[in-house]
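Letters A, B, C, D and E mark the chains in the order given here, with residues in each chain numbered from 1 onward.
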Amino acid sequence: DIKIGASISATGPAAFLGDPEAKTLEMLVEELNAKGGINGEKVELVLYDDGGDANKARTFATRLIEDDEVQAIIGGTTTGASMSILAVAEDAEVPFISLAGAIDIIQPVKPYTFKTPHTDRMACQKIFEDMKKQGISKVGLISGTDGFGASMHAQCKDVVGEYGIEIVADETYDPKDADMTAQLTKIKNAAGIQAVLNPGFGQGPSIVTRNYKQLAIDLPLYQSHGVASDGFIELAGKDAAEGVRLPGTALLVADLLADGDAQKPVVAAYKAAYEAKYKMPVSTFGGYAHDGFALMVEAITKAGSSEPEAIRDALESITGLAGTTGVYAMTAEDHLGLDLSAFRMLEIKDGGWTIVE
Amino acid sequence: MLTVEGLRSRYGRIEVLHGLDLQVDSGEIVTVVGANGAGKTTLLRCLSGVQPVSAGKITFRGEALTTVPAYKRLSRGLAQSPEGRQIFTNLSVEENLRLGAFLYSDDRVQKDMDDAFAMFPILREKRNLAAGGLSGGQQQMLAMARALMGRPSCLLLDEPSMGLAPIIVQQIFDVVSGLKALGVTVLLVEQNAFGALKIADRGYVMETGTITMQGAAAELIADPRIREAYLGI
Amino acid sequence: MKLSSKHLTLLVMATLIAAAPFFFPSGYYFRVGALIFVNALAVTGIVILTGYAGQISLGHAGFAGIGGYACALAPVHLGLHPALAVVLGALISALLAYLVGRPILRLKGYYLGVASLGFGILVAMVLNNERELTKGPDGIEVADLGLRGLLKDWGLNLSNGEFWYAFTGICLVIGAWIALNLFNSPTGRALRALHGSEVAAGTVGIDVARVKLQAFVISAVYASVAGSLTALQNKFVTPDIAGFMHSVEMVTMAVLGGVGSVPGAILGAGILTLLPQVLTVFAEYEQLILGLVMMLVMIFLREGLVPSILRKIRGRGE
Amino acid sequence: MSEFLQFLFSGLTVGAVYALVALGFTIIYNASGVVNFAQGEFVMLGGMITVFAHAAGLPIPLAALAAIAATAAVGVALNKLAIEPARGAPVVSLIIITIGASIFIRGAAQLIFDKQIHSFPAFSGDEPIHVLGATILTQSLWAIGGAFAVFVGLWLFFTRTILGRAVLATSNNRLAAQLVGINTDFVMTLSFALSAAIGAFAGVLITPITMTSYDVGLGLALKGFAGAMLGGMGNPKGAFAGGLLLGLFEAMTAGYLSSQYKEAAAFVVILAVLFFMPQGLFGSKSTDRV
Amino acid sequence: MSLLQIERLGIAFGGLRAVHDVSFSVEPGEIVSVIGPNGAGKTTLFNMISGVYRPGSGKVRLKGEDVTGMEPYLLAKRGMSRTFQNLQIFQNMTVLENAMAGFHLQERGPVLADLLNLPSSRKRTHMAEEGARALLTRVGLDRAADREAGNLSYGSLKRLEIARALAMNPAVLLLDEPAAGCNAVETEEIDHLIAEVAKSGVAILLVEHDMKMVMRISNHIVVLDHGEKIAEGPPEAVSRNPAVIAAYLGTEAADADR
C-alpha cells in the first residue's frame, strides 16, 4: 500500500479553508481506490486536523513520518502550518505538497517542498493588472489581520509599485469584527481614491462588501481569491456583491469555460463529484487539495515507486497537468508551476460569476 | 417536637458526631453547651440540613427530616441563626430581612420587619447599608432578626450572643425567653452557658461529639462539674 | 516527611522521564514527550502564580510569545547565540511582568483575569502586526540551538526528537524542583498566605504587592522559557504561541491537574497534550470528546487530578 | 461631522453586539460567581439554530423562538449535567467546566450543523437609514434596542423582584440562601436557562450583522467578557454600558487612530479604567469587613 | 513618650462618623481595653491603627514615630500585630503553616535562596517551624498542627489567630474580641495568656464584650459610643460610670451573678 499523510486545518480559524480540503482528499482517495489505486496499489490516507496551529502541525508531521511512515505529505492549510511541516519533511526527505498561499514556502526552493495554490503575490498582480487596465492609479486597502489577509496585504504592497498604482489608504479589520464602516469611511474620504481592494477570507469580506453598499461607496471593489466561492455572494447579498471583482480559479466558473479549455473536464468532474457527495458547493480551497492530490498521484504513477526521492523527482518533472487551479508545469526551480494565466478575473453580475477578459 | 437519634456526621473521613441522642419538646428552650470543637455547630448544621448526616435519624413534628433538603426545612418551621452569621454581605440590611421571609409575600412580612426593627433599632438606621458594612455585633443582630423573619416554629441559635454588648446580650436572652411565650421552640447553643442555662428549661452537655450529661437547666447550673468546666466558677 | 515527599516527587518524575523511551514504538513519541514537558514547564509557572498565590492570569501566553520570538529575533538582529536568546527572552519577560504586574496585580479575580488577558492580546497583536520585524501571522523561522551538534562532537549522537525529549525533560525537572522548593519556603508561605487573606498577610508583615509581583515575575519566566523551548524545538514560531487560546490552555492544564500541585501541572499538561493526539482517530468527534473529558474530570475530581486522587488514596489508607 | 457620526454608528452597532453578549453573563455570574465561558456558544446556537430551522422551512420569527427555547434547554442541561454534579467544587474548576462545555458545544455544532458561514436576512431589510450624511442599518437598531430591552429587563429583575434577589443571595452565600428557604438548585437552573435564552436572543439579533458559524462563540464571549468587566461584572448596567463603550472605543480608534491596534486601544482603556476603578465602572466594591 | 499614641483619630463612611476625635495611649506592659456598644467604632479604630483603613483625621504614633496611614506590613515591621473580629485565617494552609506565616518577618530572605533551597532558606524555615510549634502548644493547638486550618472549629481558629499574632513577637498587640466564641473556662485561659504576654512588656490593646474578662485584666479602659470617647479610666471607675452603664453595660449587672 501507499500511505499518504495529510495535516489540515479542518477546524480552527482556518476551517473555512481546511474543511473542504479535508473533504476533497477523503473523496479523492475513495475514488482512486475504487478505480484500483496507483499501479494496482491501494492508497491509504492518514489525515490529521492541526487546527491551523503551527506547533500542532509540526507534531502531526513528525507523527506522519515517524509513526505512520507515510511516503508523502499533503497539507498545511495555513502558511504557518506549512512552514512547520516543511521543516520536518525536509529533514526526513519526504515529499510535501503545501496547500497554503505564501511564496516563502517554495522560495527559496527546497528540495522536497511543493505547493499548489497560486501565491498571494500572483493574486495581487492579477488584480493590479486589471486595475491598471481600468486606468485606476490610487487604491485603498482594507485587509483582514489573519494570516491570509496579512500575507496578501504585504505582497500587494510589495508589488503595487510595478503597476504605477499608489496605495492612498491602508486599513485593517479583525476577522471577527462585526462592522467595518469606520475603516471604510476613512478609505472613502481618502483623497483621489479610485478603487478599494479587500484581501481576506471568511465572513470579513462579506461584511466589508455589505458595509460598502451601506455607505454607498461608488468605486470599484476588488476582493481576493480568499472569497472565491458562491457562499460569498449569498452572504454579502446579491445587491451588495454586484460588480465586485476578484481573481478566481476555473473551478468557480466551470460552466463558463470555453469547450477547448484544458481545465474544463477536470473542474467539471471534481465539481460534480464533490457537490454530489457533500451537498455543498465546491470552493477554491478544496480545489487546491484536489490539485495537490492529483500531482502526487501523477508523480507516484510516473515514478513507478513510492520511494520519496523518486516521487520528488517525478514531481519536479510534471508538466501540463491540468488541475482546478491551473495547468501545472513544475521544474527544479519552480515548485509551484503556475503562472498568472491560471487566475481568471471574475466579476459578479446578477448574483452570478462572469469572466472579464 | 424535635428528636435526634443516633446522629452521626463527618467532615470527609473524620467523624465529629458519634451518635447523638437529643430531644426538644414543643415550646421548650433547650440549650447545648460544650467546649470548642465539641461539635455543637455541626449538630445544628445537621438539623438545618446543610451538613450531611452519615447515620441516625432526625424527626421534626413527627415527620422524618433526615433526607429533606435544607431549603425545604424552613417551610416546615425550622429556622437557624448560624455560626459566623452568614448574612448576605452584598445585599442591604433590608434585603437580608426580606430574604429571611423569602417564602412569604403577604402583609405580615412588613409587620415582621417592623418588629425586627423595633427589636434592633440600629438595623433600621442601617437598612440601606450593605450588610457587609455592619459591625460584628450588628451583623449578629441581623442574623437573629433574619431567622425570625422566617416565622419559625423551632429556632436553632448558634451562639447568638457572640460579639454583642452586655446590654444587648441581656436583650437577646429576653427575646429568646419571649419567643417561648409565643410558642416558639428554641434550641440554643451558647458559650455564655450561664446566661443560656438561666433561661433554658433543659440542657445538654456535649463533649467531643457525644452527649455526656443532660438534665433540667436548674440542676445543671447547680452541678459542680458544670460549674467548674463551663461556668468557670 | 515534607522533605521526602518533595524528593520522592522529583525522583518519580525523573525515573518516568528516563524510563519512558524504552517503551516508545517510534520517534514520534519523543516529540510528544517533549511537548508535554514544555507545556508542563509553563504550567508549573501557573501553579506558582495561581495555585500558590491565588492570582489568575489569562495572558501568560504573552510571555511565552516573548520567549519564543526572542529566540527567533535575537540571533538574527543582535547576533546572540540562541541559548543566550532564551536568557534574554526570560529577562524581557521578567521585566515586562514587573512593569505590567505592578498596576494590574492590584486587581482581584476576574478583573485581574481581564487585565492580564489584555496584556496577552497586546503581545499577540504586536507579533501579528509588526510584520517588518516578526513576519506577521504566518510566523518566522528560528535558529538552531546548536546543543545537539555540540553533543554530537562529544560523541553523544541523539536524533532531533531524542535530543529535545532529553533536553526539555531536564528543564522540566529543574523547573519542578524550583517550584517545589518554593512551596515550602518562607516566600512560598507568604504567597499562600496572601492567597488565604491579603489583609491578614499584611498584618503579619508580608508586603503583599511585592510578593505577588515576585510570583508574577517568576511565573512569567517559566512561561517565557517554555515559549523559547517551543520555538527552538520547532525551529519556527507563529503568533499563536502568544494567543488567548494558549493562555487558556495553560490555565486549563493547571486546573485539570490540580492548580496547587506541581505533579498536577505535569499530569494536566500530559493529558491535554496527549488527548488531541489520541482523539485524532475520532476525527470529527475530537472536540466533542475533548470537551467531555474536561468536564468529566472536573466533575468527578473537582480539585483536579492529583489532589483528588491523593485524597482518595489517603482516605483508603486510614 | 458626518465622519464622526459614522464612527459613532459603527461603534454602537459593534457595541450592541458586545453588550448583548455581556448581558448574558450577568445572571449566571450573579447566581454562582462563575463567568460562564460557554456563553458565546449560546449566542452561536441562537444564530445557527435559527439559520437551520429557517432553512428547514420555518419563518424567521418562529425559527428564532425555537432557537431561543432550544438554547435555553441546552443551558438547563449544562447546569443539570455538569455544573450541579460539581457542586461545591472550587470556582476555577467550575470555570474549566464551562470551558469544556464550550468546546463540547462547538464540537457538537460542527457535527450537527456544518462549518460554513451562515446568515439570514435582516428583520427590516437592508436599506440603511441616513442621518446627517452617515448611515446605520436597521438591524443595528434592532440590536441596540434588543440590548436595551434585555438590560431593562435584567435590571428590573434584580432590583424589583424577590426572585432576582434570591439569585444574588445564592451567589453571595449559598448556605445562607438555603437556610432562608431558597431552592438554590432551582435558582441555578433558572439562571442557566435565562442566560442561555438571552445568549440565543443575542444570536438571533446579531447574526444578520455579524453572520454566524459553529466557531463564532469564543470570539464573542471574549469581547462580551471584556465589556462586562469594563462595566463591572454582574451589574446589568455595567454590561450594557461596558459593551457599548467597548464598541465605541474600537470604532473611534479605528476611525481616528489605527484600525490595526483598535483592540489594543480598547484594552488599554479597560486597563486604565480598572486602574482607577478596580471594580469596573459600575461594579460595587465588596463590603466584607475584617 | 508612650509606645502607642492615638491622637484625635477619626474616620467617616459616607455621612457616618464611625470614629471621631479619639485619643489615648498605651504603655509597654499595659493592657488597655476599648469597650462600647455594637457599632461604636472599636473595630474601625483597630483598622485605622493597624493600617487597614487610612484615617480621615488624627495621628497614630508608634514609639514616637508618626505612622498614620502606613500600610499594615510596614506597621508590622515596626512591631504592630493584631487579630481580627471576622477571622482572617489562611484557609489553604495547615495550622502549623498559619502560625509559621506569623514568623514571616523573621523568616523571610532572598527569593533566590528560597527558589534554590539554599541552606540559608532551609534554616529560616526550620527556625519558623520550631517557633510555631512552641506557640501552638502555648495556645493548646499543638495536636492540630498538621490539620488544614479551614477545618478547625470557631473557637480554635480564634486561638490560632492569637498564636499567629504572637509569632511576630510584637511590641504592640491589638486583639479584637479574642474570647468571642469561647466559654468561661476557655476565656480564662486566654486571659492568662494575654496577661502573660503583657507581663513580657508588650503593649496590649483589647476589644472585648466579656466584661468579666475586661475588668479582670485591664489596666485602663476606654469607652466609645457612636465613635466618640465617652469615658476613660481604671476598670472600677468605668464600670460605675452611669453613662457607660446606660450605653453599654445595662442596668442589670448580669456579671454580678456569676
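By our rule, a contact is a pair of C-beta atoms (placed from the backbone, for glycine too) under 8 Å apart; a residue touches a chain by one contact, two chains touch by 3 or more.
Heads up on the chains, UniProt names are B, E = ATP-binding cassette domain-containing protein; C, D = Branched-chain amino acid ABC transporter permease.
Predicted model only: the values in this text are computed from it and were never measured.
Participant: Count of steps on the shortest touching-chain route from subunit D to subunit E?
Facilitator: Contact-graph shortest path, subunit D to subunit E, evaluates to 1.
Participant: Both subunit B and subunit C are touched by which chains?
Facilitator: Chains touching both subunit B and subunit C: D, E.
Participant: Could you work out how many touching-chain steps separate subunit A from subunit E at minimum?
Facilitator: Tracing touching chains, the least step count from subunit A to subunit E comes to 2.
Participant: Of the other chains, whose C-alpha centre is the longest way from the centre of subunit D?
Facilitator: E
Participant: Which chain's centre, taken as the mean of its Cα atoms, is farthest from the centre of subunit C?
Facilitator: So the farthest one, by centre of C-alpha atoms, is B.
Participant: Let me have the rounded angstrom distance from the C-alpha centre of subunit B over to the C-alpha centre of subunit D, please.
Facilitator: Comparing mean C-alpha positions, subunit D is 42 Å from subunit B.
Participant: Whole-Å distance, subunit A centre to subunit D centre, using C-alpha means?
Facilitator: Chain centres of subunit A and subunit D, defined by C-alpha means, are spaced 35 Å apart.
Participant: Quick one: subunit A and subunit B, Cα centre-to-centre, how many Å?
Facilitator: 73
Participant: Taking the mean of the CA coordinates per chain, how far is subunit B from subunit E in Å?
Facilitator: Subunit B and subunit E have C-alpha centres separated by 28 Å.
Participant: Note the residues in subunit E that touch 2 or more other chains, in rising order.
Facilitator: 43, 52, 84-86, 88
Participant: So which stretches of subunit C touch two or more other chains?
Facilitator: Residues 129, 199-200, 286-287 of subunit C touch two or more partner chains.
Participant: Check each residue of subunit A and list the ones that touch at least two other chains.
Facilitator: Answer for subunit A, listing residues that touch two or more other chains: 10-11, 145, 172.
Participant: Would you mind writing out the residues of subunit C in touch with subunit A in their complex?
Facilitator: 25-29, 31-32, 35, 128-129, 131, 136-139, 141, 160-161, 230, 234-238, 240-241, 276-277, 280, 283, 286-287
Participant: Which of the residues in subunit C end up touching subunit E in this complex?
Facilitator: 54, 177-178, 181-182, 184-190, 192-193, 195-197, 199-208, 214, 218, 260
Participant: Can you list the subunit D residues touching subunit E in their complex?
Facilitator: Listed in rising order, the residues of subunit D that touch subunit E are 288-290.
Participant: Going by the contact rule set out above, which residues of subunit E touch subunit C in the complex?
Facilitator: 50-52, 71-73, 75-77, 80-82, 84, 88-93, 97-98, 100-102, 104-105, 107-109, 111, 114-117, 121, 124-125, 128, 164-165, 167-168
Participant: Along subunit D, where are the residues that touch subunit A in the complex?
Facilitator: Touch residues, subunit D against subunit A: 3, 6-7, 9-11, 13-14, 17, 110, 114-119, 126, 128, 135, 137, 140, 206, 209-211, 213, 215-216, 219-220, 251-252, 254-255, 259-260, 262-263.
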